[in-house]
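Data block below; observations after.
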Amino acid sequence: MMETALKALFILLYATFVGFMFMGIIRIVTARIHRRVGPPIYQPILDTIKLLSKKSNITHGVIYDFGVLYALGATILAIMFIPLGNIGVLRAYGDLILITFLLEIPMLGIMFAAMSSGNPYAGIGAQRALLTMLAIQVPLGFAIVALAEFYGTFSTYEIVMAQQVSGWSIAHLPLLLAAIAYDLVLQAMFGKEPFDIMIAPGEISLGPMVEFGGKHMGILQIQHAIALFAETLFFSNIFLGGAVVTTFASPVLNTIASLAILLVKQIAVLLVATFMGAIFPRFTIDQAAKFYWKWPTIIAALGAILASL
Amino acid sequence: MVDWRLFDPLFEYARKRSMWIVSFCTGCGGIEMPPLATSRYDFERFGVMPNPSPRMADLFLITGYVTPKTLKRIIITYEMQPDPKYVLAHGSCPLNGGIYWDGYNAIKHLDKYIPVDVAIAGCMPRPEAVMDGIQKMMELIETGEADGWKRYKENYEWYRKNQDELFGEGWREKTARRWIPWLMDKKKEVKEE
Amino acid sequence: MEEITFKVAPESKVKKKPSFLKPWLSLKYLFKKPVTIKIPYESIEPAEGYRGFHTLDWNKCVGCNFCGQICPARAIEMTWIEVDGKMEKRPHPKIDYGRCTFCQFCVEVCPPGALGFVESYMLTTEWNEEELQLFDWVPIHPDKFKEIQETYRDWRFPVEKIKFDKETKEVTYYLRNGEEFKFKILGYGIRPPKPPAKPTVKAEEKAQAKPEEKTQTKKPELDAESEKAD
Amino acid sequence: MAEEVKATWPKGEEIVSALLEKAPYAEGSVRRERRLEFKVPADRIVDFLRTAKASGFELLLQITAVDWPNEGEIELVYQLFSISHGTHAMAKTRVPRDDARISSVMDIYPVAETYERDAHEFYKVVFEGNPKLEMPWILEDEDREAGVSHRKDFDMLGYVKKKYKILDRFDEDKENYVI
Amino acid sequence: MVSQQELIREARENGMELLPLEKDTYELFFGPQHMATENYSLILKMDGHRVVKAIANVGFLHRGFEKLAEYRPWHTNIALLLRICVPEPDVPEAIYSMAVDEIMGWEVPDRAQWIRTTVLEMARVSAYLFWIMGLSFKLGVYTAGQWAAAYRERLMALFEQLTGGRVYHIYTIPGGVRRDIPGDRWLRELKDTVEYIKAKLKDFDNLLFENYIAHRRLEGIGVMDKKFALAEGVTGPNLRATGVAYDVRRADPYLLYPELDFEVPVLKEGDALARAMIRRFELEQDLYILEQLLEMGPPSGPYKVQDPRLKNLPRLKVPAGDAFAHVEATKGDFGAYVVSDGKNKPYRVQIRGPSISHGVRVIEQLLVGARLADVPVILMSLDNCPPDIDR
């Protein structure tokens, strides 16, 4: 029991720290494409500390406070189900659909909070977020189906294990198609252009986040960091082979090695998203919905069909 | 419970290195904000970045002259910001009226209406001068001298009195209601007939 | 009849084709050197002739108030000054950087060329009454200004602190290189101040003079302006 | 390859004479090359602008109000531009200062609505037929009520002193306030 | 069965307010504290994410220039009036100076004409780069904007060397310009800069103007037709995007433009995409004009009118009269009407900014039925500049 708790704590701390580093990496890489220096990598941590140390706080009632915590809680729960190399608390129960679901519900929590704030921009942002969520369901579903059909299981851990034998998922054509579709979906989950429609700073002033300030925003920053970690981790697990290292004698070394391999894969996923975000404008919400229901859906469906053949 | 004062140096450091700006360019100095925020001067190196929502912002840049109509929005936006918050005034105009010293529609002394922490000379200040102002603001935050928000709380009556003198009593409600009759299509009906 | 011809660009030249792939080319800048100037670790110098703070050669200045008349912001006020107990023969311009727009028309019109400007432009202060005194000064000699600028090369204001005693009207400049510089303000305006300066009486006079002022504003005559100035 | 477009601009005198034929109530003159000037009585301005639009003056660039207190009149200058003739024309008309009324030209140039709102706000000229004159424009309500205008008799410095109390931070008794 | 309209009418007749019977809409105060508008406010009545009605709320930047100008000497007004158009402050300087020149009857020397033309073209290039920044920030492709702002700094440095000011140049004065060109080095640097920006234009094409998503975002929104545009007083690139070849540099030539060779872009679509393409092409043409000017070289001679009256600037009197001058700014037709009554101060100055037609009536009509996401894009594609309206 103690061991499990320690493991959970380790995963949580590691995910938070690496998540913040990821946020820093996104900012630095974007800055470099912009031909500027950019902030130091630990900047998001400073931002969060500053937000948490704000002296006044505005709340709009219980749902407003609860929504933020709900989002954070769901993300933490999600991270527990995803296999992190050799470590895992609930990885045995890590069902594909469950994890996908858990990665999406933080948005619901933020939407609760945003809606209860009564700001019209937050309302519009919440609408947009909902529609984006609806739009990504279809390609996401097909991608998951493709995976499940290919490996014959819904368990993430088993998929990771299967990949150690048969090579990375993206080496197989059906799953490559699914991975492309999933990567486009990830763009929306990260909130990067061209699908950052729900926050759209130039249009609706950060949308759902417009009313959050101080501690609420600080918690959301932490949630965002963990979510970044969880989403990239999930992707590298199911498509990029995950990491199961057994070469070393010591389990600690094995763990560190697998974490390092995962980190490299996660950063690769992150960089693709950052590049795409830096060079494309954002869609409008109807264009995004149409886009998701067209290309990624077709690709993912093709993958699913090929996988089931 | 934990004594949070222990962490104050950390908090002050974080506040200093992560100032988010309200994206509200109030005057002509707004033209120097893009160079500052973009590649050439890039104040994101110090964690300064524009933020669309006043609820998250710490730093308010008064970029140049302020008209009463804008000042109303500035006051409302300023009050929306969570404490601690800082104000940096650019150029001559907020200080002593600038070139609009005899103009009927420009505020002469900004500090009568909201507290200001740092002043920069210039019309308009070069980006380097604004960077210098931001550095100065960082120093003041670290030493705890940037206490405009405390002054605003303590002397709220005085600031409120000045604001009311300038805009008339009940200006907040009036400003909010000003456009409603025009949105309600009352005039349109007349036109249709 | 006048005939003109001009070229109209064909549509094919103006329009562009959309592409999914071309934007990816911009990623090449990821590995190029940033164009950022890393202030405060790097600095760039303002161009030669950048319109910065003023300088004033006190010996050359004849107190003609041309600068005060051309100033669009009325930032210039002629000031009667006493240095070391000796009154300057002519008033000198006092420039208010809370008004000045740095157009330097005053420098252009100065008949003896006493007013000048240097490239320094940086003046940042905390907002409290003491420090804001820095924004209102009688410019110092160009040689001294340039000397200070050469020593520091950071384009800052050459004075660190200005102390203004409201009672005795005594002004002390604490220059950046440690020098102090003291003088006394006797009064404002073109005409020399009357020896017994009584501020209370002056204020009353001003109140009476006000309606006159208003009538004069309707007919803007510059000659009337210099007369009225005390 | 760029295609060359030829345009022929008639001489100013020709435009004036052609226009005056249709609108005999106006006076016209040629200032210089590509600059015309018309003087129109205030009650015929709508007719004149309709004629002008029909004869090639497509753009209304601005309506300028100039206050002439000595003559007791406000001059309204309609800045017209003709793309086909490459010519700018001013149509000047005068209305009495105390009761500045003129009919709106919104039907001819819809954009005039904005210019008329501007002239109404700052020169208190009433344009009959413009539905948006009462709509808030640039000035705030309290300024409007206090009588801010750009007419020559508006005492700006007095108003500024009343509104902002002190003018100068450094010398409150600075006297040289002549503008 | 009674129709809904009849019910509403009946309720109104009986003095009842039955607003819920109507379509439920909400109000959105768009600006001035908003990234997209900046000192300009739109009051939108929204139905879902479509705009039903838009009202422009202007005046946040009103300083009463036209009144203030009546109290300042002729030359000094340059320091005041250039604040009307912050992205290209040389345009108000130039039009005011041209109008005063005409009243004074001054023939501006050749060298001054060359410098004025060069400064205007440089201002155009820098304003277009600024516009690229605005557009890309509103579309969400921040990279292009960052580059544009950085490249614009090169022009700012050149302006600084020439005029002594970074943003507010206070350079063109009635009768010529204030300073001479600071030597051949400046000309060489200008040439380098023109070449540099020309080379970088390809990057902007790749990233922004040929970007698939940018095309999807821009096309078909904010459509104007020729008749509407002319009636609403639309000028500049916005008018050219509807198919009218109206460019003040050609239609009412001034300065050195009759001698210069450039093409006027015209498109027929009249939507945001066409406006963006026209602006992109004009940026190219402006660089080409600058190249021609550099090839021509500044003519020798004085840079200011030789007039003894210029010795005494505060008391310079301008004879009674009035004049109108206008130039082609990047936003459209920028005009000044100056009246003098023979005193040392102007009697009346009116500046006509192009945005006074773009930013009020045109935007109010174009926004009806637009999506909320398109509001900033339409605003930016019209290149609305609030200080023009407020003055």
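Note that the chains are named A, B, C, D and E in the order they appear, and that numbering of residues resets to 1 at the start of each chain.
By our rule, contacts are C-beta pairs under 8 Å (C-beta built on N, C-alpha and C of every residue); 3 or more make two chains touch, one makes a residue touch a chain.
If you're wondering where the values come from, they're calculated on a predicted model, not measured in any experiment.
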The chain pair joined by the most C-beta contacts is C-E
With chain centres taken as the means of their Cα atoms, state the distance from subunit A to subunit D in Å.
60
For subunit B paired with subunit E, centre-to-centre distance based on mean C-alpha positions, whole Å:
27
Euclidean distance of C-alpha centroids - subunit B vs subunit C, Å
24
Would you mind pulling out the distance in Å between where the CA atoms of subunit D average out and where those of subunit E do?
21
Multi-partner residues of subunit B (at least 2 other chains):
38-40, 42, 45, 52, 69, 95-97, 99, 101-105, 123, 126, 179, 182
Would you give the residues of subunit D that are in contact with at least 2 other chains, written as numbers and ranges?
2, 5, 86, 136, 139-140, 156-157, 168-170, 177, 179
Mind pulling the residue numbers of subunit E that touch at least two other chains?
27, 34-35, 57, 59, 62, 64, 67, 71-72, 79-80, 141, 143, 146-147, 150, 166, 168, 207, 211, 214, 216, 245, 263
Touching chain combinations (by label order)
A-B, A-C, A-E, B-C, B-D, B-E, C-D, C-E, D-E
Show me the residue ranges of subunit B that touch subunit E in the complex, using the header's touch definition.
22-28, 30-32, 34-35, 38-40, 50, 52, 54, 65, 67, 69-70, 73, 77, 99-100, 102-106, 123-124, 126, 179-180, 182-183, 185
Subunit D-facing residues of subunit C, complex
1-10, 13, 68, 74, 77-78, 96, 98, 132-133, 135-136, 188-189, 199, 202-203, 206, 209, 213-214, 216-218, 220, 224-225, 228-230
Per the contact definition, I'd like the list of subunit A residues that touch subunit C in the complex.
29, 31-37, 275, 278-280
Under the definition above, what is the set of subunit D residues touching subunit C in their complex?
1-11, 86, 152-153, 155-158, 168-171, 173-179
Along subunit C, where are the residues that touch subunit A in the complex?
23-24, 26-27, 29-32, 34-36, 38
